[in-house]
Amino acid sequence: MIIVKYFASLKNIAGKEEDHFDLAKGSSLLDLCQAISKTNPQLGKMVHEKKVMISVNLDVVSMDHILNDDDEVALLPPFSGGTQ
Amino acid sequence: MSQALESKVRIQIENFDVSDEIEAIKKVSPNIGGIVTFLGTGREQSKGETISELNFEHYPQMAEKKLEEIRQRAIEEYKIIDMSIIHRIGKIDIGENIVLIVAAGEHRKEAFIACEWAIAELKRITPIWKRETTTTGEVWVQDTP
Amino acid sequence: MSQALESKVRIQIENFDVSDEIEAIKKVSPNIGGIVTFLGTGREQSKGETISELNFEHYPQMAEKKLEEIRQRAIEEYKIIDMSIIHRIGKIDIGENIVLIVAAGEHRKEAFIACEWAIAELKRITPIWKRETTTTGEVWVQDTP
Amino acid sequence: MIIVKYFASLKNIAGKEEDHFDLAKGSSLLDLCQAISKTNPQLGKMVHEKKVMISVNLDVVSMDHILNDDDEVALLPPFSGGTQ
(Lines give C-alpha, C1' and ligand atoms only; values in the text may rest on other atoms or scores of the structure.)
Protein backbone atom coordinates (compact mmCIF):
# COMPACT_ATOMS: atom_id res chain seq x y z
CA MET A 1 0.00 0.00 0.00
CA ILE A 2 1.23 3.47 -0.93
CA ILE A 3 0.38 6.44 1.33
CA VAL A 4 -0.37 9.69 -0.53
CA LYS A 5 -0.41 13.02 1.33
CA TYR A 6 -1.91 16.28 0.11
CA PHE A 7 -0.79 19.70 1.31
CA ALA A 8 -2.12 23.28 1.36
CA SER A 9 -4.50 23.96 -1.56
CA LEU A 10 -4.34 20.34 -2.69
CA LYS A 11 -6.11 19.23 0.49
CA ASN A 12 -9.15 21.23 -0.65
CA ILE A 13 -8.95 19.81 -4.16
CA ALA A 14 -8.50 16.25 -2.92
CA GLY A 15 -11.11 16.76 -0.20
CA LYS A 16 -8.83 14.94 2.19
CA GLU A 17 -5.36 15.04 3.73
CA GLU A 18 -4.32 11.52 2.96
CA ASP A 19 -5.10 8.69 0.54
CA HIS A 20 -4.05 5.08 0.10
CA PHE A 21 -3.45 3.25 -3.16
CA ASP A 22 -2.77 -0.43 -3.82
CA LEU A 23 -0.53 -0.85 -6.84
CA ALA A 24 1.07 -3.85 -8.49
CA LYS A 25 4.64 -4.61 -7.38
CA GLY A 26 7.16 -2.65 -9.47
CA SER A 27 4.77 0.22 -10.21
CA SER A 28 6.37 3.60 -10.87
CA LEU A 29 5.47 7.06 -9.61
CA LEU A 30 3.90 7.60 -13.05
CA ASP A 31 1.61 4.60 -12.48
CA LEU A 32 0.54 6.10 -9.14
CA CYS A 33 -0.17 9.46 -10.78
CA GLN A 34 -2.41 7.75 -13.32
CA ALA A 35 -4.29 6.07 -10.47
CA ILE A 36 -4.67 9.45 -8.69
CA SER A 37 -5.87 10.96 -11.97
CA LYS A 38 -8.63 8.37 -12.23
CA THR A 39 -10.00 9.17 -8.77
CA ASN A 40 -9.48 12.94 -9.13
CA PRO A 41 -8.99 14.27 -12.69
CA GLN A 42 -8.34 17.84 -11.45
CA LEU A 43 -5.39 16.65 -9.37
CA GLY A 44 -4.22 14.48 -12.26
CA LYS A 45 -4.24 17.49 -14.59
CA MET A 46 -2.18 19.56 -12.12
CA VAL A 47 0.38 16.76 -11.84
CA HIS A 48 0.48 16.36 -15.62
CA GLU A 49 1.02 20.11 -16.08
CA LYS A 50 3.78 19.99 -13.43
CA LYS A 51 1.94 22.43 -11.19
CA VAL A 52 2.79 20.20 -8.25
CA MET A 53 6.02 18.57 -7.21
CA ILE A 54 6.01 15.05 -5.88
CA SER A 55 8.17 13.62 -3.14
CA VAL A 56 8.69 9.99 -2.20
CA ASN A 57 9.89 9.42 1.36
CA LEU A 58 10.74 13.13 1.71
CA ASP A 59 12.76 13.49 -1.51
CA VAL A 60 11.55 14.92 -4.80
CA VAL A 61 11.97 12.21 -7.44
CA SER A 62 11.24 11.69 -11.15
CA MET A 63 8.24 9.90 -12.65
CA ASP A 64 10.14 6.68 -13.39
CA HIS A 65 10.93 6.17 -9.70
CA ILE A 66 9.81 2.66 -8.62
CA LEU A 67 7.56 2.60 -5.57
CA ASN A 68 7.72 0.14 -2.69
CA ASP A 69 5.13 -0.92 -0.18
CA ASP A 70 4.57 1.71 2.58
CA ASP A 71 6.28 4.46 0.61
CA GLU A 72 5.05 7.92 1.58
CA VAL A 73 4.26 10.01 -1.49
CA ALA A 74 3.38 13.70 -1.12
CA LEU A 75 1.82 16.09 -3.62
CA LEU A 76 3.37 19.50 -3.03
CA PRO A 77 1.93 22.70 -4.51
CA PRO A 78 4.39 25.58 -5.09
CA PHE A 79 6.03 26.55 -1.81
CA SER A 80 5.37 29.92 -0.19
CA GLY A 81 7.37 29.88 3.03
CA GLY A 82 9.42 32.84 4.22
CA THR A 83 8.04 36.26 3.34
CA GLN A 84 7.39 38.17 0.15
CA MET B 1 17.36 30.00 27.44
CA SER B 2 15.00 27.20 26.43
CA GLN B 3 16.01 23.68 25.47
CA ALA B 4 14.67 24.28 21.99
CA LEU B 5 17.56 26.63 21.23
CA GLU B 6 19.91 23.66 21.19
CA SER B 7 18.59 22.73 17.76
CA LYS B 8 19.83 25.05 15.02
CA VAL B 9 16.98 24.23 12.63
CA ARG B 10 13.41 24.40 13.88
CA ILE B 11 9.82 24.68 12.74
CA GLN B 12 7.60 25.80 15.57
CA ILE B 13 4.28 27.43 16.45
CA GLU B 14 5.64 29.67 19.20
CA ASN B 15 7.55 32.90 18.62
CA PHE B 16 11.34 33.07 18.86
CA ASP B 17 13.64 35.70 20.34
CA VAL B 18 16.30 37.03 17.97
CA SER B 19 18.75 37.98 20.75
CA ASP B 20 18.50 34.51 22.30
CA GLU B 21 19.21 32.88 18.93
CA ILE B 22 22.20 35.16 18.34
CA GLU B 23 23.61 34.46 21.81
CA ALA B 24 23.19 30.72 21.19
CA ILE B 25 25.16 30.86 17.94
CA LYS B 26 27.88 33.05 19.49
CA LYS B 27 28.71 30.15 21.83
CA VAL B 28 29.85 28.06 18.85
CA SER B 29 33.17 29.90 18.42
CA PRO B 30 35.12 32.87 19.84
CA ASN B 31 36.11 33.67 16.26
CA ILE B 32 32.69 34.84 15.17
CA GLY B 33 33.09 38.47 14.11
CA GLY B 34 30.08 39.09 11.88
CA ILE B 35 26.51 37.88 12.36
CA VAL B 36 23.94 38.63 9.68
CA THR B 37 20.30 37.87 10.40
CA PHE B 38 17.25 37.95 8.19
CA LEU B 39 13.90 38.30 9.92
CA GLY B 40 10.75 37.97 7.85
CA THR B 41 7.64 39.53 9.35
CA GLY B 42 3.95 39.60 8.41
CA ARG B 43 3.18 42.56 6.12
CA GLU B 44 -0.18 44.27 6.04
CA GLN B 45 -0.22 44.74 2.26
CA SER B 46 0.14 42.01 -0.37
CA LYS B 47 -0.49 42.79 -4.04
CA GLY B 48 -2.74 45.70 -3.12
CA GLU B 49 -4.84 43.68 -0.69
CA THR B 50 -4.99 44.24 3.04
CA ILE B 51 -4.03 41.17 5.00
CA SER B 52 -5.59 40.48 8.39
CA GLU B 53 -3.70 37.29 9.20
CA LEU B 54 -1.40 34.65 7.78
CA ASN B 55 -1.34 30.91 8.33
CA PHE B 56 1.59 28.68 7.59
CA GLU B 57 1.52 24.92 7.09
CA HIS B 58 4.48 22.61 6.54
CA TYR B 59 5.23 19.03 5.58
CA PRO B 60 6.65 17.70 8.84
CA GLN B 61 10.02 15.93 8.60
CA MET B 62 10.58 16.97 4.97
CA ALA B 63 10.60 20.70 5.85
CA GLU B 64 13.05 20.19 8.74
CA LYS B 65 15.22 17.99 6.49
CA LYS B 66 15.38 20.70 3.82
CA LEU B 67 16.27 23.39 6.38
CA GLU B 68 19.08 21.20 7.71
CA GLU B 69 20.32 20.69 4.13
CA ILE B 70 20.35 24.47 3.64
CA ARG B 71 22.25 24.95 6.91
CA GLN B 72 24.88 22.35 5.98
CA ARG B 73 25.35 23.75 2.48
CA ALA B 74 25.65 27.31 3.80
CA ILE B 75 28.39 26.25 6.20
CA GLU B 76 30.28 24.24 3.58
CA GLU B 77 29.87 26.41 0.50
CA TYR B 78 30.09 29.87 2.03
CA LYS B 79 32.62 29.05 4.79
CA ILE B 80 30.56 30.46 7.60
CA ILE B 81 30.97 29.16 11.15
CA ASP B 82 27.34 28.27 11.79
CA MET B 83 23.76 29.03 10.79
CA SER B 84 20.39 28.67 12.46
CA ILE B 85 17.05 28.66 10.66
CA ILE B 86 13.68 28.94 12.39
CA HIS B 87 10.29 29.09 10.67
CA ARG B 88 7.00 29.50 12.47
CA ILE B 89 3.80 27.72 11.46
CA GLY B 90 0.14 28.31 12.36
CA LYS B 91 -1.50 31.71 12.70
CA ILE B 92 0.69 34.82 12.34
CA ASP B 93 -0.58 38.36 12.87
CA ILE B 94 0.65 41.47 11.04
CA GLY B 95 4.05 42.55 12.36
CA GLU B 96 4.79 39.18 13.93
CA ASN B 97 7.94 37.19 13.28
CA ILE B 98 7.67 34.47 10.61
CA VAL B 99 11.16 33.30 9.76
CA LEU B 100 14.67 33.87 11.10
CA ILE B 101 18.00 33.04 9.54
CA VAL B 102 21.17 33.70 11.51
CA ALA B 103 24.49 33.41 9.64
CA ALA B 104 27.63 33.69 11.76
CA GLY B 105 31.02 34.10 10.11
CA GLU B 106 34.51 35.21 10.96
CA HIS B 107 33.92 38.20 8.73
CA ARG B 108 30.82 39.94 7.50
CA LYS B 109 31.16 39.23 3.79
CA GLU B 110 30.49 35.50 3.87
CA ALA B 111 27.76 35.96 6.49
CA PHE B 112 25.84 38.35 4.20
CA ILE B 113 26.16 36.05 1.19
CA ALA B 114 25.16 32.92 3.14
CA CYS B 115 22.17 34.61 4.80
CA GLU B 116 20.76 36.00 1.55
CA TRP B 117 21.31 32.68 -0.23
CA ALA B 118 19.64 30.73 2.59
CA ILE B 119 16.37 32.67 2.60
CA ALA B 120 16.10 32.37 -1.20
CA GLU B 121 16.84 28.64 -0.99
CA LEU B 122 14.34 28.22 1.86
CA LYS B 123 11.61 29.68 -0.35
CA ARG B 124 12.68 27.49 -3.26
CA ILE B 125 13.00 24.03 -1.68
CA THR B 126 11.24 23.95 1.70
CA PRO B 127 7.70 22.53 1.80
CA ILE B 128 6.01 25.36 3.68
CA TRP B 129 2.84 27.08 2.48
CA LYS B 130 1.23 30.38 3.36
CA ARG B 131 -2.50 31.10 3.48
CA GLU B 132 -3.45 34.78 3.48
CA THR B 133 -6.68 36.02 5.03
CA THR B 134 -7.98 39.24 3.45
CA THR B 135 -11.32 41.06 3.51
CA THR B 136 -12.31 38.97 0.47
CA GLY B 137 -11.49 35.59 1.99
CA GLU B 138 -8.68 33.11 2.38
CA VAL B 139 -6.21 32.10 -0.28
CA TRP B 140 -3.20 29.79 -0.45
CA VAL B 141 -0.28 31.76 -1.85
CA GLN B 142 1.16 29.92 -4.83
CA ASP B 143 3.77 32.17 -6.33
CA THR B 144 7.28 30.83 -6.24
CA PRO B 145 10.06 33.42 -5.88
CA MET C 1 12.06 49.56 26.49
CA SER C 2 14.48 52.31 27.38
CA GLN C 3 14.26 55.93 26.29
CA ALA C 4 17.48 55.50 24.36
CA LEU C 5 15.73 53.31 21.79
CA GLU C 6 13.83 56.34 20.55
CA SER C 7 16.97 57.50 18.77
CA LYS C 8 17.76 55.43 15.68
CA VAL C 9 21.46 56.36 15.65
CA ARG C 10 23.48 55.98 18.82
CA ILE C 11 27.02 55.69 20.15
CA GLN C 12 27.03 54.28 23.65
CA ILE C 13 29.13 52.49 26.24
CA GLU C 14 26.42 50.09 27.37
CA ASN C 15 25.36 46.97 25.48
CA PHE C 16 22.23 46.88 23.29
CA ASP C 17 19.58 44.21 22.81
CA VAL C 18 19.03 43.14 19.19
CA SER C 19 15.41 42.05 19.77
CA ASP C 20 14.54 45.37 21.41
CA GLU C 21 16.03 47.29 18.47
CA ILE C 22 14.11 45.15 15.98
CA GLU C 23 10.83 45.60 17.87
CA ALA C 24 11.43 49.37 17.95
CA ILE C 25 11.90 49.55 14.17
CA LYS C 26 8.87 47.32 13.51
CA LYS C 27 6.69 50.03 15.07
CA VAL C 28 7.59 52.39 12.21
CA SER C 29 5.31 50.69 9.66
CA PRO C 30 2.99 47.67 9.32
CA ASN C 31 4.45 47.18 5.85
CA ILE C 32 7.84 46.01 7.02
CA GLY C 33 8.28 42.51 5.65
CA GLY C 34 12.05 41.98 5.72
CA ILE C 35 14.50 43.05 8.42
CA VAL C 36 18.21 42.45 7.87
CA THR C 37 20.59 43.04 10.73
CA PHE C 38 24.35 43.06 10.90
CA LEU C 39 25.92 42.47 14.30
CA GLY C 40 29.66 42.87 14.66
CA THR C 41 31.22 41.10 17.63
CA GLY C 42 34.68 40.99 19.18
CA ARG C 43 36.78 38.21 17.64
CA GLU C 44 39.52 36.42 19.52
CA GLN C 45 41.93 36.24 16.56
CA SER C 46 43.20 39.16 14.52
CA LYS C 47 45.99 38.67 11.98
CA GLY C 48 47.24 35.64 13.87
CA GLU C 49 47.34 37.41 17.23
CA THR C 50 45.15 36.52 20.18
CA ILE C 51 43.09 39.47 21.36
CA SER C 52 42.21 39.83 25.02
CA GLU C 53 40.13 43.00 24.75
CA LEU C 54 39.15 45.81 22.42
CA ASN C 55 38.67 49.50 23.13
CA PHE C 56 36.76 51.87 20.90
CA GLU C 57 37.05 55.64 20.88
CA HIS C 58 35.00 58.08 18.79
CA TYR C 59 34.93 61.75 17.86
CA PRO C 60 31.75 62.87 19.63
CA GLN C 61 29.23 64.74 17.49
CA MET C 62 31.04 64.02 14.23
CA ALA C 63 30.59 60.25 14.60
CA GLU C 64 26.85 60.60 15.38
CA LYS C 65 26.50 63.02 12.47
CA LYS C 66 28.09 60.53 10.06
CA LEU C 67 25.88 57.68 11.30
CA GLU C 68 22.78 59.83 10.76
CA GLU C 69 24.02 60.67 7.24
CA ILE C 70 24.40 56.94 6.53
CA ARG C 71 20.90 56.25 7.86
CA GLN C 72 19.33 58.98 5.72
CA ARG C 73 21.17 57.90 2.58
CA ALA C 74 20.21 54.24 3.14
CA ILE C 75 16.54 55.20 3.40
CA GLU C 76 16.63 57.45 0.33
CA GLU C 77 18.93 55.54 -1.99
CA TYR C 78 17.90 51.97 -1.21
CA LYS C 79 14.18 52.63 -0.56
CA ILE C 80 14.09 50.94 2.80
CA ILE C 81 11.52 51.97 5.43
CA ASP C 82 13.96 52.71 8.25
CA MET C 83 17.40 51.92 9.63
CA SER C 84 19.00 52.05 13.04
CA ILE C 85 22.73 52.11 13.71
CA ILE C 86 24.31 51.60 17.13
CA HIS C 87 28.03 51.47 17.89
CA ARG C 88 29.53 50.83 21.29
CA ILE C 89 32.62 52.57 22.63
CA GLY C 90 34.92 51.81 25.54
CA LYS C 91 36.11 48.35 26.55
CA ILE C 92 34.70 45.35 24.67
CA ASP C 93 35.44 41.74 25.58
CA ILE C 94 35.70 38.82 23.13
CA GLY C 95 32.24 37.75 21.96
CA GLU C 96 30.62 41.01 23.01
CA ASN C 97 28.48 43.13 20.70
CA ILE C 98 30.28 46.04 19.02
CA VAL C 99 28.03 47.38 16.29
CA LEU C 100 24.47 46.80 15.11
CA ILE C 101 22.81 47.85 11.88
CA VAL C 102 19.11 47.13 11.40
CA ALA C 103 17.65 47.67 7.92
CA ALA C 104 13.88 47.31 7.59
CA GLY C 105 12.26 47.13 4.18
CA GLU C 106 9.03 46.04 2.58
CA HIS C 107 10.98 43.22 0.96
CA ARG C 108 14.21 41.52 1.78
CA LYS C 109 16.23 42.53 -1.26
CA GLU C 110 16.59 46.23 -0.47
CA ALA C 111 17.12 45.47 3.23
CA PHE C 112 20.11 43.22 2.43
CA ILE C 113 21.67 45.78 0.08
CA ALA C 114 21.16 48.70 2.47
CA CYS C 115 22.51 46.80 5.48
CA GLU C 116 25.66 45.63 3.70
CA TRP C 117 26.26 49.11 2.25
CA ALA C 118 25.76 50.77 5.64
CA ILE C 119 28.38 48.74 7.51
CA ALA C 120 30.94 49.34 4.75
CA GLU C 121 30.12 53.06 4.76
CA LEU C 122 30.31 53.18 8.56
CA LYS C 123 33.85 51.81 8.41
CA ARG C 124 34.76 54.26 5.66
CA ILE C 125 33.44 57.58 6.98
CA THR C 126 32.75 57.33 10.71
CA PRO C 127 35.43 58.64 13.10
CA ILE C 128 35.65 55.62 15.39
CA TRP C 129 38.91 53.91 16.27
CA LYS C 130 39.73 50.50 17.68
CA ARG C 131 42.59 49.65 20.04
CA GLU C 132 43.43 45.96 20.33
CA THR C 133 45.03 44.50 23.45
CA THR C 134 47.10 41.38 22.76
CA THR C 135 49.72 39.47 24.73
CA THR C 136 52.35 41.76 23.16
CA GLY C 137 50.68 45.04 24.10
CA GLU C 138 48.16 47.55 22.86
CA VAL C 139 47.85 48.85 19.33
CA TRP C 140 45.54 51.25 17.53
CA VAL C 141 44.18 49.50 14.44
CA GLN C 142 44.89 51.63 11.40
CA ASP C 143 43.87 49.59 8.42
CA THR C 144 41.01 51.03 6.43
CA PRO C 145 38.68 48.51 4.77
CA MET D 1 42.11 80.98 18.35
CA ILE D 2 41.79 77.63 16.58
CA ILE D 3 41.12 74.49 18.61
CA VAL D 4 42.91 71.36 17.37
CA LYS D 5 41.88 67.89 18.55
CA TYR D 6 43.88 64.69 18.28
CA PHE D 7 42.34 61.23 18.23
CA ALA D 8 43.43 57.63 18.80
CA SER D 9 47.13 57.07 17.94
CA LEU D 10 47.62 60.79 17.25
CA LYS D 11 47.01 61.58 20.93
CA ASN D 12 50.13 59.58 21.75
CA ILE D 13 52.14 61.29 19.01
CA ALA D 14 50.93 64.76 20.00
CA GLY D 15 51.32 63.94 23.69
CA LYS D 16 47.97 65.65 24.31
CA GLU D 17 44.30 65.54 23.34
CA GLU D 18 43.89 69.15 22.39
CA ASP D 19 45.96 72.12 21.22
CA HIS D 20 45.33 75.79 20.54
CA PHE D 21 46.84 77.88 17.77
CA ASP D 22 46.64 81.62 17.14
CA LEU D 23 46.74 82.35 13.43
CA ALA D 24 46.44 85.53 11.39
CA LYS D 25 42.94 86.31 10.11
CA GLY D 26 42.32 84.65 6.75
CA SER D 27 44.69 81.75 7.42
CA SER D 28 43.92 78.48 5.64
CA LEU D 29 43.95 74.91 6.89
CA LEU D 30 47.32 74.58 5.14
CA ASP D 31 48.68 77.45 7.26
CA LEU D 32 47.48 75.67 10.38
CA CYS D 33 49.12 72.42 9.28
CA GLN D 34 52.42 74.24 8.84
CA ALA D 35 52.09 75.63 12.36
CA ILE D 36 51.37 72.12 13.69
CA SER D 37 54.37 70.82 11.76
CA LYS D 38 56.63 73.32 13.49
CA THR D 39 55.58 72.20 16.98
CA ASN D 40 55.48 68.52 16.04
CA PRO D 41 57.34 67.49 12.86
CA GLN D 42 56.14 63.85 13.13
CA LEU D 43 52.49 64.99 13.03
CA GLY D 44 53.33 67.40 10.21
CA LYS D 45 54.84 64.58 8.16
CA MET D 46 51.74 62.40 8.62
CA VAL D 47 49.50 65.25 7.50
CA HIS D 48 51.77 65.96 4.53
CA GLU D 49 51.72 62.28 3.52
CA LYS D 50 47.92 62.29 3.87
CA LYS D 51 48.04 59.60 6.56
CA VAL D 52 45.48 61.61 8.51
CA MET D 53 42.25 63.27 7.44
CA ILE D 54 41.38 66.67 8.78
CA SER D 55 37.92 67.94 9.69
CA VAL D 56 36.85 71.50 10.42
CA ASN D 57 33.70 71.83 12.49
CA LEU D 58 32.89 68.12 11.92
CA ASP D 59 33.32 68.10 8.13
CA VAL D 60 36.34 66.88 6.20
CA VAL D 61 37.61 69.81 4.11
CA SER D 62 40.46 70.60 1.72
CA MET D 63 43.73 72.41 2.56
CA ASP D 64 42.62 75.74 1.07
CA HIS D 65 39.70 75.98 3.50
CA ILE D 66 39.84 79.36 5.32
CA LEU D 67 39.68 79.10 9.10
CA ASN D 68 37.71 81.32 11.45
CA ASP D 69 38.18 82.09 15.11
CA ASP D 70 36.95 79.24 17.39
CA ASP D 71 36.89 76.70 14.56
CA GLU D 72 37.31 73.13 15.79
CA VAL D 73 39.89 71.28 13.71
CA ALA D 74 40.44 67.56 14.24
CA LEU D 75 43.26 65.31 13.06
CA LEU D 76 41.75 61.92 12.28
CA PRO D 77 43.87 58.80 11.74
CA PRO D 78 42.39 56.05 9.53
CA PHE D 79 39.08 54.88 11.00
CA SER D 80 38.66 51.37 12.39
CA GLY D 81 35.10 51.20 13.65
CA GLY D 82 32.81 48.22 13.08
CA THR D 83 34.55 44.86 12.97
CA GLN D 84 37.09 43.23 10.72
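Quick notes on this one:
Letters A, B, C and D mark the chains as written, and numbering starts fresh at 1 in each.
Keep this in mind: a contact is a pair of C-beta atoms (placed from the backbone, for glycine too) under 8 Å apart; a residue touches a chain by one contact, two chains touch by 3 or more.
Note that this is a predicted model, so its numbers are computed, not measured.
When the C-beta pairs in contact are tallied for B-D and for C-D, the bigger tally goes to C-D. Centroids built from CA atoms put subunit C at 48 Å from subunit A.
We define each chain's centre as the mean of its Cα atoms; on that basis subunit C and subunit D are separated by 27 Å.
Chain centres here are Cα means. That of subunit B falls 22 Å from that of subunit C. The set of subunit D residues touching two or more other chains comprises 83-84. Those residues of subunit C in touch with two or more other chains are numbered 33-34, 40-43, 108, 119. Interchain contacts give a graph that is no line, ring or star and is not complete, per the touch definition above.
Those chain pairs judged to touch are A-B, A-C, B-C, B-D, C-D.
Subunit D makes touch with subunit C in their complex at residues 5, 7-9, 55, 58, 74, 76-84. Residue ranges of subunit C in contact with subunit B, taken from their complex: 17-20, 22, 26, 30-45, 94-95, 106, 108, 111-112, 115-116, 119. Residues 33-34, 107-108 of subunit B touch subunit D in their complex. Only residues 83-84 of subunit D touch subunit B when the two sit together in their complex.
For subunit B in complex with subunit A, the touching residues are 40-43, 46, 56-59, 61-63, 65, 87, 98-99, 119, 122-131, 140-144.
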